[in-house]
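Below, subunit A partners subunit B and then partners subunit C, in two separate complexes.
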Partner chain A sequence: MLSNYSDKSKKPRLFKYRNAKSAFAMMAPAVLLLLIFAYIPLAMAIVRSFQNYTTGEFVWFENYDYIVKTPSFTKAFGNVILFTAIIVVAQMVLSFFFAHVLKAINAKVANAVKILLYVPCLISGVVASIIFMFILNYGGGLITSILIGLDIDPIAFATEGYWPIACVIVPTWWLGFGYNTLVMYAGLLNVPKSYYEAAQIDGAGFFKQMIYVTIPYMKNIFILSLINLITGSLQMLDIPYMITGGGPLDMTMTPSLYLFNSFRDVNRPQNVTIAGSILIMIVIVTINIIAFKCIHSEKMED
Partner chain B sequence: MRKILALVICLTMLLSALLISGCTPGGEEVYVEEGATEIKVYAREFEQWAKDHLNNLANEFNKDLTDGIQVKIQFYTQDTYADALTVARENGKAPDLYMTTYGELYTNIQNNYCISIDEYLSTEAVDDILDVCKEMVTYNDSIYAYPWNMEPGSMFFYRKDLFAEAGIEKVPTSWEELYDACEKLSGILSRGQYCIGLPLGSYECTWVTYGMQQNTTGGLTLDESWRVSRLDEPGFKDIAEFFYTIFSNDWAPTSALTSEGYTYIVDALCDNNPKLAMTFGGSWSIAEIYNYTESDQTIIDNIGVAPIPTQSGDQTGTTSANGGWCYCISKQSKNADKAAKFLNWMFTENAERTAQYFIEAYNSKAPTSQSVKDYLDGYNSEVPQEWIKVVNDVAATGIPEATYPWDISLETGKIFETMQVRCKTGAFETLYATALQTAQENIEIIMSRSNYPSNPKYDYGD
Partner chain C sequence: MKRSIANKTKKKIKKAILIAIAVLVALIVFFPIIWIIPAAFKGKSELFSVPNTFFPQNFTWQNFEKVFSADINGTTFLQSIFITLAVAVLSVIGSLFVNMLCAYALARIEFPFKKFLWPLLLFPMFIPGITIMLTSIRVVNMLNMVDTIFVLFVPGMANAYQIFFFRQFYLNIPRNIEEAAEIDGCSNIGIFFKIYVPLSVTPMVINGVGIFMGAWNSFIWPTLTVMENAGLTQIMQIIRMLNVSYAGDYGVVIAATLISLIVPMVLYAIFQKRIVEGIALTGTK
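Presenting the complex of A and B:
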């Protein structure tokens, strides 16, 4: 009987598709929603990125030419690559380190710490920005008040030196730290104890265990975190918008923020904004394809 | 239970009575004209009094139940206005009338968002519009919008009591005098207080300094052809040095002191213990002073208003660009003639009616027509006459904002912003050379766009 099922060539056609109607019926709402709200708008956006906004005439790459010849937009790409590099490294290293701490401490304390760590993940970027603005505001924020109380000149965090970059990166890191730590922690708990025991018998110390056991075993977790962090960082919008507005001198401008401002600028042809969005989408999709290829190859190896 | 039931019945009856009598609970009258054409107006939401004023105007217009027109105003905040217009246009449901700024009008024309209103304005109405306003709404010899108000974007506000305390006897008219005033003021101000508030960041430094650029260099970033950068003009370097001097001496705050930045910067001048002793501010700051201080005459008497100091000290020329708003009729409107009727009713038929807006605005905006200006000249306002004179004088010599791509103007703003945020990191000459080179390179990149526009008011001779 089993051999009959495994032999596809002998499977009756009617049997093969006997559940097709119900399957299509169940898939239909999801497909329909995806079509209406994702794929059709995407197709329309792609078409419009090749058109003149006013006349609808096809101008092909004119809108792309406009957006790549916009200095603030190209600078924003450079900025976001820098931010992504800093956030990814800081997030991965610190989350990995803190996950080890969580694993090592008493279970009850670890539970409490996990909750505390996860709370920022429940806060939206806008709310986090407001919290940081209360602290950093030049006109009367917490730090300004303390500094003036101590007879020290206040710091203009949003404009002075490299502070603006820190103003954008720290809240972004803070928001994602809990989630990434918990993901790493879950990954750590999944490493079989027998591996460590075998390594210990072979004379491996803490660092050798980490390099030869923990890190290889958690490779897929790292890749997952990496994809999330890179994709999230490339789409940074709310925090730079709220705290620095993209300034000073476009130092904290991100492509998403630029396009957001561009959409709200009635002076700018909206098809240029759409062309810019398509460009960002291409970059993010490319990164994701590369990352998924990596995961896929890892699975193949497994 | 019976009491609650009785209460509900009473409330229902009261509401019904209000509806039947044509009154909303807020006391606003509602006029219903059967079969009338609805003229939809999109308006930017400014202060509450301005919103009330426009609502009252529409209500007054709607009282006439025989003209076949009912006006409906929809207000949008600064954050949502552009989005609302874009979405409405995308859906083919653009409002019949909408507001836009003078700076944005040309883009509206280029994008076919609005139509010429020549045919809807009488010769008298056109002649009545002040020349300085007419220039801002005229393209290819056609008027495309009716100018609503003019707001000089850069004026000078100062505290008389702090001037007296610091021993400043004369209101600064030149940059040198301004530096002297800052020197004197810095001796009496405590930590957290600053001598002067200036526009911050490239965005503000762009549009607020249009007047300063015109006064110091004789033009703006590009020449009339929109093909040649004027940033090599020595005046731009002088303005950059002005910013460098102010910020390197810590005379101005490097971050906004008020939540709206430059828009309500004057608030920082109005407290009993003010954070600023002097500030640049738009003409709207006059209304803001009255609103913020709740018309506290003690503080108002302590505030002085003047044109901004210039490099030479001569304030008779241009010291500001004229911002402000105008009304356009949408290209998509199917009732342009009826929209124009409301437009004329608001602005061209009765100077007294139009002037009420400027009176309610504490004369913080300049009128756009001679008849309204004449009416206001004869009106006894609570605002000091010298303040009103400064607004009118600055507006009369004001220039329109640049209409070439904003990115280009912004590059000039970035030079000034560089002086603000980098003044502590290097010598002026080095900073300026780097900032200028970056700006010039960026301008060239922008100009190389395949769809870079031409100046509609320039004769290219081809």
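Presenting the complex of A and C:
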């Protein structure tokens, strides 16, 4: 890709780079903006994560040591593993099956359904939280109304038992379902028909075809969705902030919400919080590198 | 013969069931939005009554009147709609301009250190907002941007993901398109505006809508950076403020939420086809 020009013929360097000046001019705004609003803040964050908050003295990994021993923060990481597991099952499996349904029905109905499904993806976490809190309202929301109609005691979803987890996950699922389904659907359409025909000749049924044809063919899409879901849960912030505030007892605390709360709490040492946020970045970068390697190595094999 | 007819009806029934499932799922997913529409027209006493009805018994515009007349921490709902729209439009224009130019240069012009610069431009994609949140505030503070409109759209303008997206798009455009223009003595910048911009309407719409929605829905960043200047309060902040101060008169919050959905819905109605196509494009490649 990068060497389109040099492939054709061995042109002298000067000629190859004859437009370099205009390239630099065109890239300057983006480069400057990224430098000022991404790299400088990142460099500052890294430096501060190694410093003592009050004295400014370099303490190296002390802040990191402190944050990984903070129970709320480690609990938040544990929560992410749980949330991701639930969301991966709920989101990927449901989207995958629903994409099959969409593929099987006629195109006009499928199109209308697709358009409706995507609507929640345009909605913000704040608005989604308000809609769900309204429906789940303990005092007299829709669900309470139905439960009373069925002679069941109303449930305080945001505080009772394990319901808070559902309170955070359902809106998150709702916001992402349309997008994931459409991606899966597009992926399904990309699987060559001849593969299925060959499988049918071999006598494979629907599920065998799915396991031996569809899933291997769509592996990259699964990997990408998986990274999106994991990084999404690591950065989940506004929905738990609005609905449960991370409680009760940190049950719905996410790392980003913990850090967000810490940043606004003067009593917590800020540099420790920054160290925690650097850890989140390291996790995200690592996951992406692994996924990228998975996708890449497979392409090499082809 | 008989068997094939039986098979056909079986297939038809199967299809009908699948269509029913699809429609049902779409309705379930859409239901929460439908549910708040009539609720916005319910009075205080009716909103949380048990049993709850879908349609209001006593239809009232009261909630909407309150939304528009209320003074919300020194600003009004209408003012915040206008300022949020302004920020969103500025974000779209600024972002597309900056990122498309950069992507074009990366895709089409040879220059030294390209291999070195490309990953550096891409990396910010993986920096979580929370990691640089505090130090970004420090930076905008030093630039005297806090409590001005600039803080709401300038820091997010350059976007690694968009640069990646447009670069990919430009790499797929055949090169011979520009050769004629090059021979005519057009500069790179001229080629970009005359040839590439008109070709990139679809990615511009897909990204533009995304940027617009990002600005319209942004909540955390404005909460941290425009605290003193009430005139710049963004729509999501207003909704959150109402959610706190009108907890006892929740119809007002619901009405405000409903109004805040109008802009995205209109935008979606206009560009819906391109957006849905765009997901197939971005999600699978």
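To be clear about the criterion, the second predicted complex is superposed on the first by the 282 of 302 C-alpha atoms of A that agree within 3 Å, B and C clash if a C-alpha of one lies under 4 Å from a C-alpha of the other, contacts with A are read in each partner's own complex, and residues count from 1 in each chain.
As a convention for this text, a contact is a pair of C-beta atoms (placed from the backbone, for glycine too) under 8 Å apart; a residue touches a chain by one contact, two chains touch by 3 or more.
Every value quoted in this text rests on a predicted model; they were computed, and no experiment measured them.
Superposition of the two complexes onto subunit A shows subunit B and subunit C fitting side by side, with no clash.
Of the two partner chains placed by the overlay, only subunit C lies in contact with A:39; subunit B stays clear of it.
Once the two complexes are overlaid on the shared chain, A:62 sits against subunit B while remaining clear of subunit C.
Of the two partner chains placed by superposition, only subunit B is touched by A:265; subunit C is not. Of the two partner chains placed by the overlay, only subunit C lies in contact with A:179; subunit B stays clear of it. Rounded to the nearest 10, the angle at the Cα centre of subunit A between the centres of subunit B and subunit C is 80 degrees.
In the superposition on chain A, no contact is made by A:223 with either subunit B or subunit C. In the overlay built on the shared chain, the residue A:139 is in contact with subunit B and with subunit C. Partner contacting the larger number of subunit A residues, of subunit B and subunit C: C. Once the two complexes are overlaid on the shared chain, A:86 sits clear of subunit B and of subunit C alike. With both structures placed on the common chain, the touch criterion links A:160 to subunit B but leaves subunit C unconnected.
Look at A:70: by the touch rule set out above, it reaches subunit B but stays clear of subunit C.
Superposition on chain A leaves subunit B and subunit C with their closest Cα atoms 5 Å from each other. In the superposition on chain A, the residues of subunit A contacting both subunit B and subunit C are 139, 148, 263, 270. Subunit B contributes residues 79, 82-83, 85-86, 100, 103-104, 107-108, 110-112, 191-192, 200-203, 250, 253-259, 275, 405-407, 410-411, 414, 417-418, 420-421, 425, 442, 445-446, 448-451 to its touches with subunit A in the complex.
Within the complex formed with subunit A, the subunit C residues making contact are 15, 18-19, 21-23, 25-27, 29-30, 32-33, 35-36, 39, 47-52, 97-99, 101-102, 104-106, 109-112, 114-115, 117-118, 121, 124, 126-136, 138-139, 143, 154-158, 160, 163, 171, 175, 187-189, 192, 213, 216-220, 236, 239-240, 243, 250, 253-254, 257, 260-261, 264-265, 267-268, 272, 275-276, 279-281, 283-284. Those residues of subunit A that touch subunit B in the shared complex are 53-54, 59, 62, 65-66, 69-72, 138-139, 148, 151, 153-154, 156-161, 245, 247-250, 263-267, 269-270. Residues 1-2, 4-6, 16-17, 19-20, 22-27, 29-34, 36-42, 44-45, 48, 98, 101-102, 104-106, 109-110, 112-120, 122-127, 130-132, 134-135, 137, 139-142, 144-145, 148-149, 174, 177-179, 182-183, 185-187, 189-190, 221, 224, 231, 234-235, 237-238, 242, 255-256, 259-260, 263, 270, 273-274, 277-278, 280-281, 284-285, 288 of subunit A are the ones touching subunit C in the complex.
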